[in-house]
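Each chain carries a letter (A, B, C and D) given by its place in the written order, and its residues are counted from 1.
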Amino acid sequence: MDFSLTEEQRAFKSELEDFFREEMKNAPPCYQNTTLIEAMYHTDEGFAFHRYMQKRLAEKGWLTMAWPEKYGGRGASIAEQVIFNEVHSYYRAPGIDRFGVAMFAPTVMLFASEEQKARILPPIARGEVQYCQGWSEPNAGSDLASLSTTAVRDGDYYVVNGQKTWTTAGHRADHMFLLARTDPSKKRNAGLSVFNVDMGLPGIEVRPIRYMNGGHFYNEVFFTDVKIHKDELVGPEGDGWKLTRATMNFERSGAGAYAALLRSFEELLEYVKGTSRDGKPLAQDPVVRRKLAMIYTDLRAGWAHSYMIAWLQEQGKTAFTPAAASESKVFATELRQRMVNFATEIMGPYGQLEDSPWAPLGGSMVEGYQTVIGSTIYAGTNEIQRNIIAWAGLRLPRIK
Amino acid sequence: MDFSLTEEQRAFKSELEDFFREEMKNAPPCYQNTTLIEAMYHTDEGFAFHRYMQKRLAEKGWLTMAWPEKYGGRGASIAEQVIFNEVHSYYRAPGIDRFGVAMFAPTVMLFASEEQKARILPPIARGEVQYCQGWSEPNAGSDLASLSTTAVRDGDYYVVNGQKTWTTAGHRADHMFLLARTDPSKKRNAGLSVFNVDMGLPGIEVRPIRYMNGGHFYNEVFFTDVKIHKDELVGPEGDGWKLTRATMNFERSGAGAYAALLRSFEELLEYVKGTSRDGKPLAQDPVVRRKLAMIYTDLRAGWAHSYMIAWLQEQGKTAFTPAAASESKVFATELRQRMVNFATEIMGPYGQLEDSPWAPLGGSMVEGYQTVIGSTIYAGTNEIQRNIIAWAGLRLPRIK
Amino acid sequence: MNLDFTSEQEMLRDAASRFFAKECPFDRVRDIEETEEGYAPDLWKKMAELGWQGLIFPEAYGGFEAGFMDLMIIFEEMGKTLFPSPFFSTVVQCGLTILEGGTEAQKKDLLPRIIEGDLIMALARLEQEGSYRAEGIRMEARKDGDRYVLNGTKLFVADANISGMLIVAARPEGSGPTLFLVDSRDPGIEITKMPTIGKDNTCEVVLKEVSVPGDSIIGPVGGGFEIIEAVEARGAVLMAAEMVGASKACIEMTAAYAKEREQYGIPIGGFQIIQHYMANMLIRYDVASNYLYQVAWMVDEGMDFETEASALKACANEAFKFISERAVQIHGGIGTSREADIGLFYRKAKSYEYICGDTETHYQKVMDNLLARGIS
Amino acid sequence: MNLDFTSEQEMLRDAASRFFAKECPFDRVRDIEETEEGYAPDLWKKMAELGWQGLIFPEAYGGFEAGFMDLMIIFEEMGKTLFPSPFFSTVVQCGLTILEGGTEAQKKDLLPRIIEGDLIMALARLEQEGSYRAEGIRMEARKDGDRYVLNGTKLFVADANISGMLIVAARPEGSGPTLFLVDSRDPGIEITKMPTIGKDNTCEVVLKEVSVPGDSIIGPVGGGFEIIEAVEARGAVLMAAEMVGASKACIEMTAAYAKEREQYGIPIGGFQIIQHYMANMLIRYDVASNYLYQVAWMVDEGMDFETEASALKACANEAFKFISERAVQIHGGIGTSREADIGLFYRKAKSYEYICGDTETHYQKVMDNLLARGIS
C-alpha cells in the first residue's frame, strides 16, 4: 500500500499550486469570504473572474483534462483529476462550469449526433459557455422522476411548458440541458427527453431564488410555450431518464472537499493562535483545542477514505463506489457542518458577524453556517445518501 | 404555575427521606455498586434485602399506596406517587415488585373474578410474593403480538407449551402472569389469554440469561405440558390482549429516574472535586467541567419535563401523556447513557474498573455503561418510542 | 403543585399571540430586517399601548407590577414570530438595570418613558475581546472634576442605533466596572451597525471624549458588574423563553410541511427517519420549555436561580440550534431560500446564542456555581 | 499511488483470519475471560510457530523484518475475533521498547525469547493518578551502589500476571523517568489482577525494595519517557488497527442479524431507522480504516506520524465505541446477554479506549503538535 505521488504527479501538483496561488491573487474578495458557488454567480465581478479563469484553464488544457482525447481532452487518470481537484478546491478557484464540462458533455459524447457533438462540445471545451441544469421542479426534488414539465412535438419544434427550480447559475447561463416529459401518457421515469436549450429563447423567464444569506445563485426558470427546435433533442425521444444516468470516468472521491476543508481549518488555527480572550490565547483553551482536534481528526480520516475511493475507481472497481461516494458526501458535508458550528462557537459573539471589518476570517465561517445546510440537502439529501449506503453498501433490504 | 409542594407533601417527603436513609444503611453493598434490578435479583443477599423492604413498605402502607382503597390501597395522588418514587429511587431502595404491584394487580382488579381478587391481591399487598411477567418470546420482542406459546384447554386444565424470555426475576418469582395463545387459529393479538401461574408447577423450567456484565436478573422460562387449572385464567378467554393494556392511574412521569440520576451526578461531582490528575483537581479541567455541566443541564431540564407529565396526568389530561411518557423514557435513558460515557471518560483508565478497591464510585459508572444499553432497549426500544412520539405527539402519518 | 398558567396568563398569551401574528407576519419580519432602523416604530408604540413595556415595572413608575412569568410569556410569543424590536435591550437589559441599581431620580426620569414607548435604550458592555466576564470590560472612565470622560469602543451593542440613551460599562481609575448613563446623541458618539446573521441591530459604539455628570452613574462605583450579572441572569431566562417559543414554531411549521409535502407518493412525514428527526426535535423542545417554566417560577418565588438560569440558557441555545437546523433539513431546498420562513429561525438561532452569554460561558458558570454553592 | 495490499499481505491476512476464527471462536474468548491467566498458552505458542511475535524484529534476533503494515494486519485480524493474548504488551509495548532503547546484550537476551513465544513481558508505567503524561510517573528508583532499588505501585499494567519480565518506569534521584528491566518473580513484587469491563489482564504491580543491577536500564537514564512516547505512537496505531478490525466485525455481524431478524413481518434491516444507523456505522468504519492504512504507511515510510497517531487513536476509540453501541442496540435484548458475541465488542470498546492513551489525551496531543509543528 502506497499513498505517495509519482515524481510526475508531484510536478503536476506543484505546477498547479504555482498557477492557482498566482491567479487567485487577482480574485475579487468574494472568493475569500463566501462559498465558491456564491462567489462565482452572485456578483458580476465574481462571475467575470470565473469566466476569465474558465479561459485560463482551457488554455492550460485542464478544463477538459478528464475528457477522452477524441473530444480534445487528454483522458487524465483519476489520480491526476484528484490532484487537480484538490489544488483547485484548496485555492477556492472558479473556472469550472461543472454543468457543461462534467454533466452535459458526457451525455453529448455518449448519445448525441455527430452534428450535435461538433456544435455543442467545442465551446464547452474552450470555456466559452456557461450551462445550467434543468432537472428539479417544485414537486420533483429527491423524487426527480415525478417531474411534470412538458415538451410537446409540433412540426419541427417541441413546445415546452413548465417550471424548473433550484437552477444554479440559471441567471448566468447561456444554455440549459433540460429534462422534460415528451410523452405525458407515460409515468415516472418513462417518456422523458433531454434538450439543449438556448436560454435566450422567447418564453423563458429566469427569476432569482435568494439563498437565506441573500446570495443569488439559485433560480426558478419558467417555460411558457417555448419553441425548441427538434435538432436540440439529445438522444432518442423518451430515453431521457437513461441520459441522466450518463457519467464519465470523473473522479468522485470527494478529495477536493477535504482540501477545501483543510484551507478553512488552517485559517481557523491561525485565528485561535492570534486571538486572546480573558488574557489567554484561544489556542490554550482546552475546550477550544478539543473542538479543533476533533475536526482535524475527522478531516484526515475522511480524506484518507476519499483516496481509497479514487483508487478503487482507478482500478475500475466501481461496484464499491456508489455507497462509498455517498459516504464521502455525507461525511464531508457533515464535517463542514461541525466545523462551522465549532468555529462560530469558538469566536464567541464574533461568530455571528457577516463580512465586515469586524468579522473574523471575513465572515466565512458564519457564511458557512448558512451555506452548509444547502450541502446536506442538494445533490441527493443526506437522508437519501444514507439509504443508498444501507442498500448498496450493506445490502440491507429495500422494502417498498 | 407553581412547582412547590404543600406542607403535607413536604412532610411526607421528609418522612420518606428519613425512612430510606435509615433503612438503606443496612443494605448490602450491591445496592451501591450495581443497578437496582441486579442488586435485587442477582445475589441471595440482595434478594433477601428486597423481600425485607417489601414487608417494611407494606407495613408503612406505601407498597400499594396507589391502589384504590377498596383493595387496601389509599388511592394516593399522582403527586404523592411522584414524591415516593423520587425518594425511593434517589436512595436506590428495593422493595417494590412492580410486576405484582403495578402490572398484574391492576389487571386483576379490572378483570378477575371476586374469588381471584380475594386470592391473588392480599399476598401482593402484604409484600409476600414476587411476580414475574410472561410476555416476551424469542420471536416476539418489540412485536409482542407475534407470540406463539400455546395454552390448550383439556378438561379443567390448560396445557401450556412454549418459551418465554427476558423474564426479569423469573428465578426469584413465586408466580408469573402469562400471556399465551388459547386459540391457535387466530393471528396476532386475537386469541390470547392471561393466566396466573404458580412457578412451582411441574414442566416449568427456568434458565438464567446472564447479562453482559455477568449479572443474573433475566431468564428464559420453558413450558413443557404445564397443566394450569382453569381457575387461573384471568378475564375471558381470548381477551388477553385487552388485559395487557390494563393500567391504573400510576404516575408515569419518569421523575424517579431523574432522582436516581441526581444521586449519581452528586457522586460524580464529589469525585471530580476530590481527584487530581497532572497536579490539578479534575473539577478545574474545563473539558471535564463542560461534560458535567451538560449533564446537569439535561438532568434539570428532563426533570422539569417529568413534572409536567405528572401534572397533566393528575389533571386527567392523558391524551398528552402517551407521547410525553415516551419522550421521558427516551430522554432519561439516553441522558444516563451520556452520563456514564462522560463519567468513564473523566476517570481516565479508572473508567474501565469494575467493583474493586481501585474502582471509583464502586465501579457504578462502568456498571452503568453496561446496564444502560438495556434501558434503551427494554420496555419498548427507544426506536419504537420515537415512532410513538411522532405518531401520537406530532400526528405524523403512520404508513404501513 | 399547579402547573397550569392562570387564566390571566392564558389571556395575555392569547393577546400577544394574536398581536404578533397579525401585526408582524414573517414577510414583515423580513422587510424589517432590510431596514436601517431594524424595528417597526408603529408596533413599538402599539405594544406600549398594550402595556407590555411596563408589565414588569412597579406601579409607581407607571408599570403594572406583573410577575416575571408574565414577561416570560411575552418573550415566548415574540419568539414564535421572531418579532424584531428593542424590547429586550430596552426593557430587560436597561430597564431592569435601572430598576435594580438606579437612583430614585433615574427611575422616575427613565422608566416612565420606557413604559410609554418613548425611549429606547441600549446596554454597551462587550468590548474587543468579546468576553462576557468582568475582565472583558476595560474601557476607562477618566475623572474630570464632578464629571467622567469616556473613551473607547463597545461592540455587540443591541439597538444602539435607535436608542435615545445608552448604559455604558467602564472603569473609573482604580475601580471595577461602573455603569454610566449616556445620551446616545452625544457628539462624541459614533454608532455603526455590525452586519450579523440575525440581521438585527447589533452595533459598534465608539466613544470619544464623552463627558457625563457624576450623577449618571447607576448603582455604586465599581459595582456595575454585579448589577449586570443580576440582570443578565433574568435576561438569560427571557432569551431562553424567546428561543423556546421559536423552537415551538419550528416544530409546528415543520410538522405541517412534513404532512403536506409528498415525495415517492407519500407525505415525507411518513418516512421513519423524518419521524425520528421530529421526535428528537419534540423531545428537546418539551424538556427545554418545561425547564423554562420551572426556572421562571423560581424567579417569581425569589429563589436562588443563577445556576439554573445559566443551565437553561445553554439548554435553550443548543435546543434552538438543533431544532431549527433539523427543521431546515426536513424542509429541504425550499428551507434554504431567503423566502422561506423556516430559514429565519435557523439564522436567528445562531444570533440568539450570543445574547446574554453563549453556551460555553454558561456551562463554565454552571460549574462555578455547583462547585461553590453545591446542588440546590 | 497503489492502495492495494501486496499479495504477501493478503496471504498474511488470510492466514491470520483463518487462524483466529478457527482457534479462538467467541465461545473460547468468553472462556478465556473467565480464567486467571487470561490467555491461551497453546495458541500463544502456535502464533510463535507462525512467526507472528517475530514479524517486526530484525533477523539478527530471530525475527522476520517484516513491515509495520504486516504487523498492523495481524492486529486488525485479532480485533475481528477479539483474540485475547499478551501480544500487544509483549511484542509492542515491551519488544519495541527493547528494540528502540535496549543495549545489544538486552536485545540478544530478550528478543529471541519473545519471538519464540517463551517470554511474556509487561510495561509498568501508569501510577495512581492515571495520567498518561511524564508527570504521572513518580515512582522513585533509589541508587544503591551499582544497583537501583524500586518501591511503589504501578497500575493498569497489562499482562503482568503472566509475565516473566517487567519494564518499570521510575525516576532515579534528580532524573526523569527511566526504564528498568525487572524480573516479575522478584520476591518484592506483588501482582494482582484488577477487574475491568474488558475482563482482561489489567494488573496492579506493587514493588517493595526491588533491587535491580545498573545494567537493567533500557536507554539513557532520564530518557525513558521519550522511548515510551516513540513506542506508544506506534502502539496507538496498532491499537487503532485492533479497534478497526473489531468495528468491521460488529458491522458484519449486525448487518447479518438485521437481514435475518424479523419483527412486524419484515427483516428489521428493512426499517429506515436501522438502515440509517447502519449507514452511520459503515461511514465511521470506512473513514477510520482508511485513515489507519494511511498512517501505517507513514510509519513504514519513516515519516513524522506522531500527530496522526494521536488523531487516529482518538478516531478509532470513538468509532469503535459508537459502532459497538449501535450494534448492540440493533441486536436488541439478545445483544445485552453474556452469551451474545456482540456484547463482547461493546465491553472491549470501553477497555481499548484507555490503552495507549484515551481520547481526551490524544486530542490535546494533536493540538500540542499542530501548534508546535504546524500541519503536515
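Operating definition for what follows: a contact is a pair of C-beta atoms (placed from the backbone, for glycine too) under 8 Å apart; a residue touches a chain by one contact, two chains touch by 3 or more.
What you see is a predicted model; the values in this text were computed from it and never measured.
Of the two chain pairs considered here, A-D and A-C, the higher C-beta contact count falls to A-D.
Of all chains, A has its CA centroid at the greatest distance from the CA centroid of chain B.
A separation of 42 Å divides the Cα centre of chain A from that of chain D.
With centres defined as mean CA coordinates, chain D is found 39 Å away from chain B. As a whole-number value, the distance joining the C-alpha centres of chain A and chain B reads 52 Å. For chain D, the set of residues that touch two or more other chains comprises 271-274, 276, 360.
Looking at chain B, residues 286-287, 290, 383, 386 sit in touch with two or more other chains. The part of chain B that touches chain D in the complex is made up of residues 136, 139, 141-143, 146, 165-166, 209-214, 218, 276-279, 287, 341, 344-345, 347-356, 358-359, 363, 366, 369-370, 373-374, 376-378, 381-383, 386. Note for the complex: chain C touches chain A at residues 126, 129-133, 135-136, 155-156, 194-198, 202, 204, 262-264, 271, 273-274, 321, 325, 328-329, 332-333, 335-340, 343, 346-347, 350-351, 353-354, 358-361. For chain A in complex with chain D, the touching residues are 1-5, 79, 262, 265-266, 269, 273, 283, 286, 289-290, 292-294, 296-298, 300-302, 304-305, 307-308, 310-312, 314-315, 323-324, 327, 330-331, 383, 385-387, 389-391, 393-399. Chain D meets chain C in the complex at residues 271-273, 276.
The touching residues of chain A, counted against chain B in their complex, run 285-287, 290.
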